Amino acid sequence: MNQGLSRELIALRASKELHDGMYVNLGIGLPTLVSNFIDDLDITLQSENGILGYGNILEKDFDPDFINAGGQPVEILPEASFFNSAESFAMIRGGHIDVAILGGLQVAANGDLANWFVPERGGGSIGGAMDIAVGAKRLIITMAHTTKDGKPRILDRCLYPLTAETCVDLIITDLAVIEIVDNQLILLETAPGITVDEVLSLTEADMIIGTSIREMSL
Amino acid sequence: MVVEIFSNSKQAISVVNSNSSIMFGGFVSAGSPSNLIIALHNDGIQNLTAIANNIGLGDKLDMLCEHKQIAKVIATFAIRASGDRKSNFEEQYHRGEVELELIPQGTFAERIRAGGAGIGGFLTPTGVGTVVAENKEVIRHNEKDYLLELPLRADFAFIKAYKADKLGNLIYRGASKNFNEIMATAADCVIAEVEEIVEVGELEPDRIDTPGIFIDRLVQCKPIEIRWTS
Amino acid sequence: MVVEIFSNSKQAISVVNSNSSIMFGGFVSAGSPSNLIIALHNDGIQNLTAIANNIGLGDKLDMLCEHKQIAKVIATFAIRASGDRKSNFEEQYHRGEVELELIPQGTFAERIRAGGAGIGGFLTPTGVGTVVAENKEVIRHNEKDYLLELPLRADFAFIKAYKADKLGNLIYRGASKNFNEIMATAADCVIAEVEEIVEVGELEPDRIDTPGIFIDRLVQCKPIEIRWTS
Amino acid sequence: MNQGLSRELIALRASKELHDGMYVNLGIGLPTLVSNFIDDLDITLQSENGILGYGNILEKDFDPDFINAGGQPVEILPEASFFNSAESFAMIRGGHIDVAILGGLQVAANGDLANWFVPERGGGSIGGAMDIAVGAKRLIITMAHTTKDGKPRILDRCLYPLTAETCVDLIITDLAVIEIVDNQLILLETAPGITVDEVLSLTEADMIIGTSIREMSL
């Protein structure tokens, strides 16, 4: 049934939301993959552990002092700067980050986000997610449209503990691109081979069909 | 206070007692005071409150759980939702043997800064409408809700820097300022592990990150490379 | 936002309108954006709110009072109790022609930092029991009284740094970080005057004080030496 | 009548309160003179405009970036560091400064200080005084014992607007050294040639005579 996008293609689609001159924070997990698709853009990546201006994830030559917030070694670009965690979150909370892309577990129609605690596993970690969700000028969530056993993750109300209220601006899943405006989901794009009805049937919350709905261009 | 310089990490931490609260700088591999943590592990001091951004597989901090030296952890990243293996901490947490206070990372950093800066509390929008808001005062200003968060201090801070001069002025390398720079201001006794101690005057004044005023005890150690495992 | 580089200070400030609030960095002679201030003086824009640590004899800021461009000053140091000559500002203040909000310097700095950091307010012990406490909420924690102080932001910040690269990363020299470093975070449009603009990569990442993310407009100017007179 | 100490000798007496290893903030005016008497001590001076580790005031070769909080050019020592004003007052308010020496206009028996506003002149400047008075571990006030026309400045209650409540630990004047403990003035020392009665007659507030009262050693 699920003929949706791979994680790489979700990341590719997310990268199209980024434009020259933007300062961007990429969350741990799927959002990290977005950095594979921005080589042609003049974008500055911020990592909440205190780096502005990092590049690709490095597979070898591990340097313990040059890591992103996921603990992965990263390339330090010539324009990079470093700062402590209070300054880093001042930057985030103070509204200086143009776009943040985070992973999600559940999103509600009003833009509530749950992405830090999995009750089934009895735990989780907040990390920087709550501050980033509150502080970024625009918040994009990338996630699988449904759980592994096919249950919707875009809900009337989040069932998991919240990360932040009414913070999500755009959801990009393996099946669709959905905007949230004034507590209302708007279906903008469907993945290649996925119908509007399929998306609606796998989404719990009510959704408006965008007036210019189209297939994702990847 | 004049900084004291020690020849090994065991001596550097000799002032730490059981029942102490200790801040540990570092963010995963960057700026972790691993030599000081290992000395603490070897010392066997019990019933500690550990204040650190993260505790997990590959952290030296998780070693302190081997002999249950930690009674409480205050952290932002303690239990990974993904990953098959569990850290010592996570196993003890699920058995109810160790307490955990989980804090958003920006609030964690700001509380520590406030603790060092004589700020009695601050208003943050982070955590409003979440479990983080439980038992906290909500203050509304300019049509926006904020949580009143209180300062965080500790008896000791263990930090790691790149270089120090003999008066305790510190510089960090890359992304290792993280919590080290703010924890250095927020504990009664600050113990710094550095890769190299140089003469006064060798560090450029414009380049100093942590002035020596904040440092009490100093030790030069070969850095221990740590890396998260899953 | 990409930083825009201008060839002179007149162009750099061309976005400023009358009725704007403007933060001015600097502490007396150190880090004063004097070229930008002179451009503002020449431009003749009126009805400004000036947010600056000090305004006085020898300040370029006091020049803005010559043609009454300033309607209100928010400062920590505005009227010297000693000294025979009066600044333009002081004379206008005593005639009731300009408004003054006087703030303790630590509170002034922290309010600006809060403004840039998304902090909705903070508790400080400074000013409790003084005129500074008038009309402010007093909050008691741990048997100590604090004033609730609110964040301070402005439409523009005029700052001065030593060097910039072409992406707006800045370094300061000596005691000129003062209010420049925090004001750079707390205004909708930040205009920086620097002594030299260099290529990207010429400033060491570990040495950068203000990351380019905070800077909107940049101009290279020969620094103007100012010195307080009495 | 006033055969008391010169400003330089008040500063000299104040310098004897400083010891090796201390971090010290010296206020504008008289306290600045204290720096002339600490060459033999291992003391680090903090200036609230963002310097730790400055030395003498320089009379020539003015460098606009190397100034103290009074705007005077100062020598930068090899161990110096620089920081912004938020960090500087974090250091001050956070209790990291061992001793601050400020000038005073009026001090009350309970330790209240007034030193920023002169009603007769219709103005004043707060500067860093309120934060320093609140934040320093120990606060020493240096001032003339009386006004120019002989009125007491050590009062039952300050008449001028306060800098901070119950903040003063020690007062050093041209006539005496007075400690404040638990809202009580204690006369510790008199200036050479000044009698206890003279000090008492020029002090409005009640004062205990210290059990080991002595003449100042200068």
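The chains carry the letters A, B, C and D, assigned in the order they are written, with residues numbered from 1 in each.
As a convention for this text, contacts are C-beta pairs under 8 Å (C-beta built on N, C-alpha and C of every residue); 3 or more make two chains touch, one makes a residue touch a chain.
These numbers were taken from a predicted model, which means no experiment stands behind them.
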| item | value |
| --- | --- |
| Graph distance between chain A and chain D, where chains that touch are linked | 2 |
| Whole-Å separation of chain centres (CA-atom averages), chain A against chain C | 36 |
| Chain C and chain D, separation of their C-alpha mean positions in angstrom | 28 |
| Cα-centroid distance, chain B relative to chain C, in whole angstrom | 33 |
| Multi-partner residues of chain A (at least 2 other chains) | 76, 82-83, 89, 92-93, 134-135 |
| Shared-contact residues (touching 2 or more other chains) in chain B | 110, 113, 117-119, 124-125, 172-174, 205-206 |
| Contact graph of the chains (line, ring, star, complete, other) | other |
| Inter-chain touch pairs (all) | A-B, A-C, B-C, B-D, C-D |
| Complex contacts: residues of chain B adjacent to chain D | 1-2, 113, 115-119, 165, 167, 169, 185, 200-201, 205-206, 208, 211-214 |
| Residues of chain C that touch chain B when the two form their complex | 110, 114, 117-125, 139, 141-142, 144, 146, 150, 171-174, 205-207 |
| Chain B-facing residues of chain A, complex | 29, 47-51, 62-67, 69, 71, 76, 82-86, 88-89, 92-93, 112, 116-118, 121-131, 134-135, 161-165 |
| Of chain B, residues touching chain A in the complex | 27-32, 53-54, 76-82, 90, 93-94, 102-110, 112-113, 124-132, 162, 172-182, 223, 225-228 |
| Interface residues, chain A side, partner chain C - complex | 20-21, 23, 42, 44, 46, 52-53, 76, 78-83, 89-96, 98, 134-135 |
